[in-house]
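Input: structures, listed below.
Common to both upcoming complexes is subunit A, partnered first by subunit B, then by subunit C.
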Partner chain A sequence: MPPSEPARDYGITMWGASSTGKTTFLAALSVALIRQRGPWRVIGADQASATQLTRLTTGLTQRRTFPPATAAVEHYRWELVGMVRRAARRRWRWLGWRHYEQLVTIPLDLVDAPGEAADQERAAPVLWDGLIENMVNSGGIVFFYDPVREFENGDAFAHTFGVLTELSQRMRDRADGRLPHYVAVCIAKFDEIRVFETAAKLGLIEEEAGDRRFPRVPGDEAKGFFEQLCDLSHSGDAEMVLSLLEQTFRPERIRYFVTSAIGFYLDPHLRVYDRDNYQNHLPPQDDGEPARIRGSVYPINVVEPILWLSQSISGEAGE
Partner chain B sequence: MNGEMFPVTAEWALWGKESHDAGYRLLECSDGAVRGEAFIEVLTRYSPGTLEKLPQVTVSWLPDAAQRNYVAVAIHDTEQGRYDAGGRPIVFTRYFCVPQEELAAGAVSYDAMYQEFGRYRLGAHGPEVIKAELAGSPGPAPGGQPSGLAIRVAALLLTGQPVCILGADRAGLDTRLRFLDEVMSLLPYGMRSRMSASTWASSTFSEHKLRLFFSAARRRAGDHVVTWGQPDTARIGHRYADDYRSWLLGGVPDPVTLLAGISEPMGFGQAEIAMMLERLHVSYTEPPAVALPAPMPAPAGHPATPAQESPAEASPAAPARAPDPARAMSVPEILVSCAHRLLGGNPNFLQSDLDRLEALAAEPAGAADRAHYQQIIARHRLFRADMRIRKPLQAQLYRLLLQVAFRRPLDYADYCAVHTCAGQRDDQPLHRSLLLAINPARQPDLRVQLLGLNALGERELRHTLRDKQLPPGSLISAAVSRELTVPHARIVCDIAVSDLYRRIGTVDRKALWDALVQHGYLAATFAELYPDQPDHQADQLHRLLCVTFGAKLEPEVIREVLGHPRAAPTVPLFAAVLAMADPGDVPLAERTFTRGIIGKGHFPGRVREQLLALLPPGDHLGAGPDRAPRRLIPWRPGHGHRGGR
Partner chain C sequence: MLMSGTEQEPGGEGLREAIARDVAGLPGGAAFMISEFAAAGFITWEVRRDQDGTPHARQWLVPWSELYHRREPGPSGHSHEQGRPGGHRAAAEPPAAELAGSELTGGALTGSELTGGARARITQAAEGSSLLLVCSAPADPSAAPAFALARGVLERGGVTWRRAFTCPVPLEDLLLEVFTDDPLTQWYDLVALRRTPEGRLVFTTRQLFAPGAVRGAAESLTVRCEPSDDAGTVFAVMAYRLEERTTFRRVTQRVANVPHGTYELTAELRRPGEVRFRLRELAVKFRPDRRSWEELVARVPPRLDRLRPAHLIVAVEVSGSTARVLERIDRAEQLIRCVAAGADGPLHVSLISFGAHAVHRDDAEEPVTVLSWAQSSGVALAALSRLRERGAAPPGYSRAAQLECMLTTVATRLTGEHGRPVLVTAGSRPAFPRRVDRVSEIIPCPNRNDWAAAWYHLRQHPGMAFGAIRDFGPGGEAWRHLGHDAAGQLAAVDVRRFAADLGLVSSTAQYIPFPLVEAEEG
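Up next, the complex of A and B:
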């Protein structure tokens, strides 16, 4: 690392415009891990973070409400812990591999900034600086692209460009001219009708393995889906977001995920995904109503980006 | 101020969202001196983060373009049926700021601002500033004392580090806001011009700028953390904070009224706090430079202190250091600070220095350091009696000075050093408060015990001696100690004789006789101590002989006493023996005395032999022919024989 480069703490910053679902995504992480029945679970690394983890998770599951809008740059220090099956070569090689389970802990230092912080023109300096400074010090970024918001506001490129320009300026001493972060691009709100139907029309949907048969966009199609969605934007600028990301970060350090924090509705009696009755997000009918979650949450691609980022960062740190 | 209303002009801002907004923004603001950009800056700078429970109140400050200081309250709350574009409840922040000098006129509390401005619905009546009347501070309740937690928090704020209060989840908003007011009432009112605090802050918003806040958990920052309902009395470890806490606890009778009157704007920078503390006579801006003075000569007759014996051990002169309140003070600095406080107007708040000394007292100091401390104590007269401080504080001061600057327990050399430090000659007793701190009855060195008790008074001495029944051998050894100065030796000898004489008939006479034989019946000691008072010598020796042998001396005893194999008899000893001898034994006494002074006196060997040859033979030294010899029977309890007076 060049001496002029500031020390990075290998945290992960959530980055996206307002109301793109950053906090809801974090709130769904614990549920997603439990639903996967895999080796991982998430715990708080300090009292404050543990309290927030509980609050966010129970808000989503018990009250079925979305988390309140984030008002400041919040730091969550969580940890992914799990018994991971490892293999080691035996002393007598002809006996093959010996398997054993090992407790692995992956630190998750997550930074959740309010969406308005990414808008340099409108954001208060303290919020803007807070977001940029945290991104500088992060090893990973979860970038949220909300196709619905882009369809309505068409401001994704403006938000992205401002932040990346500032970030590049602050980290301009990089030898290869690209930022070193790992970036998980999350095409959010896959459960929204317009997003899901677009994917369906493009023929990108496949059925998830298992009893519930939730639809999903395969990982290798996610980037293509992102490109298609950008093309559909009214602003005509969204297609530049992809290029901008790949010019700013190393392409091999960018991955695309089609995600939904709350997932599709599942009728508690049928217990199977219903193509004609899948909307889990109940938007407010008028201004005086809150948005609600219709049923249980079944997060889609929430664990994967976090796990990939944290393993990539910690792997790099260990090199 | 009690019950009085004070007119104020409040500028305001409303922060929140419209229903079509996704992000928060400034919705409206007044058209006064504070501009919209300033409102945005201060609202985001002093944000408490994402709040779960509402309403909450944040207090802060801002200057306007003309650098006029404003004190502000921000009320965070939701409104029924107000949701943003994402269907999430909108948290509105109503922000009101008032020129600090308008509030200072009535020492208006944050609670009074909240109660009044909480009634306003902003934006409904145009951008005009608000004209309102706020209730002045009621002042401290009669007999009401600030809580220990508020005192501690107020002191902690002087460190410059934020203070986080945990465990107040169940306390209501009003309680928490009033606590913020209570804390601020223990600081100069002018500090509100730079104060930021909140009744709640998100524990995961680690970058907030609040100085004082309630929270659910500690954040990752260097905050001081206190627990609601659990006042901590431990030392803070920051000079300004400890001094101030001590001052609040005992320095002034009514700090709240005094502090409410100090309304000039002032901040929490360490330089400003130093000035404030100096103004209140709490602390000194410059820590006194402490350098090792030239070693003092040992007092006449006193053994040299270890430092004087080995100058190489002396501490190097400590250079004057720049003030750094977070640095732990050294013992010399604390001692000098104590001296400054004692000279100041109200020294009762030297408690903070004593707390620092207490923390250091457990560490034993080296000989050179102790000598250094003793010099500071002497120079600044820290053992003096005329201190205008409470007796318990004075006792604590003496106790700690004795602990850090002298060996524990005190030996005789240290006792003499205490005398020197106190500026007392050996023939002058130490004052009572210092003696009580020494607690002579518990000192293992018998000389220190007897000297201290004697200085405390006849009653204490007699009481202790009666309780302890000291062995005669110990008393005689203390009395003949060559280390004692003449005034002290006289005191110890007289105490030993009078105590033994008081115990006549009950004392272990064999042990006493052995001790007297070992020390020549103390004849030489008394001759040295009272050279011009032969009658006093004779009187004391007579008492000792009475205790040891009874009222009458047998011929064998006379031979033993006056014919001591190593010590020449003195005239007062001869007089004492004569007074106790049977008339028939007087010639024996006379002959024994004569042989004694010739045989062990000043003559050189040859002359002595010639003189002894002129005297009758030794076997003519027997008792008179008319008396049968008696055998000395040591007295034992219950066996009848008692010496008479």
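Up next, the complex of A and C:
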């Protein structure tokens, strides 16, 4: 008899300290799918979730504002829907493989908890418990690491350690001592000047294929970039975040993504990425106006972690 | 020439001509005498031409009561020296009671009743000391016998170069007319100062009138009056002879309180020794100045920090609160007025407004606007008034202002032909960077202008100066460069000192007692 395992679903929990861009990430998901022109699109599984999807997306594209800080645990029931090309062995094997298109729906049960919820000392018990409970029940976790916040506050390890300690305690009956979740580690805010310039300085930038030639950090460099950013942290504790994650979850179930929900600024006249003029995030202005988005949104690595988590959790494996 | 005998001259024309001829032939420092038999007494006139060529006359009056027999002979006559003849005769007239109570029969004196001393005096005048004998009171019972005595001496002597005139016009008036119409015998120059290229002040002159010039001659010239003390600016005329060019003699010296500026000065010759001044642009009173030449020379500073013609470019940031924008405009106006009032040479003023770049789709871009370029200060002030009416520009991006576009605009338009350029920027916000700025995180200028490149380009202009008036605080790198030569805070800037730091006005008040003239070409 296997150890008792809590009932888990295909849900994905967004986890990160406050202001790390969790909600913005979700708001950019639909835009990212549209811009990719791939087979996937996101829809609301129920009316409330559809409304939330519309609100988040239009806020980002029309008003060019960031979503307000999440105050309570938000539950988004969205679905990734797409026609996926599949292959099947023919009856007579000598005829080879048969290809066909199949409508695939991947449920996105997303839980967006306030950043404060990850701080046991400061968060209301209901928030803390809500976050932990959702993580326990989730199959996947999107973990947000904000290098800018870490540079300024240096509290990434403290947030991570508290949550994982609690999570491990609640799921301590695991046979191998590691949690079963798939974890997409998102090194967020790649568009921020300091983050991007650090990547550029480390020589990790490559040009994206396509007309706009946006910069990106290749997937196989993402973990190294994460390590480098942790080394730059003033607290000296950030480097432990990586170790903690890999000690807590199965390393093969962790994948790293360098992401940006809003992407880089694209001059509407040039229509191509400009190394000298890429800033898309406008910090809060002197007159009290909140931070805004300068131009159109071109999300980077927003779809990929969600899709990877969804497919991993569901066991689906599209070609 | 008429020899002996008396010429009757009701209007005095012949006498005037005779005097004018004699005055004209009078060399500097020489004199001749005229004996006048006037109602007041026997007047001996000495007509002298000064070393500066100005004719003068002075008189000695002896009342008839002292020349005719009387009970108590009085003292000898009195001397009156004067620049213009006459003026004392009425006071010297003998009392009527003395004349009425004399020994003369019928109430009239006769030549036979002249005292011995009087006869000797008159005879001496007629025989040699006086060039002209003039009876200006032929009906006077005292003057007529005395004149008859003199005329007799003249006739008996047969001297051809002395002449006797009977003319009812007072000699004083004739002398005044002659002196007034006398042509100049020397050169008349205005005393001025000239600034050498090294900044030293040296005395110089500007020619007003040449020998031969007569009353009514006028000459105009351009002079510059620096700030003077309470006494005012001195306008002095010196006379000299060509053969002794280094010897100047002061002819007239007048003073007027003239505001600092450049003027067209007109000098009009009223008569030898008297020049009247007036300024075309300004009605001021020219007063006589009694100060000594040494005192005036001592007040001339050795140097004058002359300022070159300037092109003042005022750039006003119109982003921010309306109150703040209006305060910047006020300060710009003060600066322009201060510089216009204190500038040495031609002043050109340009006015530029700049705001913030638009960043959001709904924002209107407020471009850098050249409101006036290389115009007079008046035109710039008028443009500033219009800018005041407009008030603050749309807010746009609130973390920066178009300093880089403003500088690029100035760098593009500036040629240097309008004088030494001075850029004064009033504002607060930092510049938009040319590219992404990881420190400030201010978005780049959409036009990709580079404030530093434009600044260094402008810096190449000879004499270029930069002044900054910031709302508060020192500002960033761009403002540090913009305030390279002068920097001040909006609420506390001393505009006069600020302008002086930029070389737009003199740093210290230099009082220059004489007008300045530009150096002659070559």
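Quick note on the criterion: the second predicted complex is superposed on the first by the 311 of 319 C-alpha atoms of A that agree within 3 Å, B and C clash if a C-alpha of one lies under 4 Å from a C-alpha of the other, contacts with A are read in each partner's own complex, and residues count from 1 in each chain.
One rule holds in what follows: a contact is a pair of C-beta atoms (placed from the backbone, for glycine too) under 8 Å apart; a residue touches a chain by one contact, two chains touch by 3 or more.
Just so it is clear, the structure is predicted and the values come from calculations on it, not from any experiment.
Engineer: Putting subunit B and subunit C on the same copy of subunit A, do they fit or clash?
Structural biologist: fit
Engineer: When the two structures are overlaid on chain A, which partner does A:A71 contact: first (subunit B), second (subunit C), both, or neither?
Structural biologist: first
Engineer: Could you look at A:R194 and tell me whether it touches subunit B, subunit C, both or neither (first, second, both, neither)?
Structural biologist: In the superposition, A:R194 contacts subunit C only.
Engineer: Could you say whether A:S18 touches subunit B, subunit C, both of them, or neither, answering first, second, both or neither?
Structural biologist: So A:S18 only meets subunit B here.
Engineer: Go through the superposed model and pick first if A:R294 touches only subunit B, second if only subunit C, both, or neither.
Structural biologist: Second partner only.
Engineer: Is A:R178 in contact with subunit B, with subunit C, with both, or with neither (first, second, both, neither)?
Structural biologist: It touches nothing on subunit B or subunit C.
Engineer: Scan A:R212 for contacts with subunit B and subunit C and give back first, second, both or neither.
Structural biologist: So A:R212 meets neither subunit B nor subunit C here.
Engineer: Per the contact definition in the header, classify A:P283: touching subunit B only (first), subunit C only (second), both, or neither.
Structural biologist: both
Engineer: Have a look at where A:Q52 lands relative to subunit B and subunit C in the superposition and call it first, second, both or neither.
Structural biologist: Only subunit B is touched by A:Q52; subunit C is not.
Engineer: Quick check for you: in the superposed arrangement, does A:R170 touch first (subunit B), second (subunit C), both or neither?
Structural biologist: neither
Engineer: Have a look and say if subunit B or subunit C is in touch with more residues of subunit A.
Structural biologist: B
Engineer: Rounded to the nearest Å, state the minimum C-alpha distance from subunit B to subunit C in the superposed three-chain model.
Structural biologist: Once the two complexes are overlaid, subunit B and subunit C approach no closer than 14 Å between C-alpha atoms.
Engineer: Mind sorting out which residues of subunit A both subunit B and subunit C touch, each in its own complex?
Structural biologist: 283, 287, 289, 292.
Engineer: Which part of subunit C faces subunit A closely enough to touch in the complex?
Structural biologist: That would be residues 359-361, 395, 397-399, 434-438, 441, 443-444, 446, 448 of subunit C.
Engineer: Note which residues of subunit B are touching subunit A in the complex, please.
Structural biologist: Checking each residue of subunit B against subunit A gives 17, 19, 21-25, 40-41, 43-45, 47-52, 81-91, 202-208, 215-220.
Engineer: Quick check on the complex: what are the subunit A residues that touch subunit C?
Structural biologist: 64, 193-194, 197, 265, 267, 275-279, 282-283, 285-287, 289, 292, 294
Engineer: Which positions of subunit A touch subunit B when the two form their complex?
Structural biologist: 17-19, 46-52, 55, 66-77, 114-116, 119, 122, 124-127, 130, 149, 283-284, 287-292
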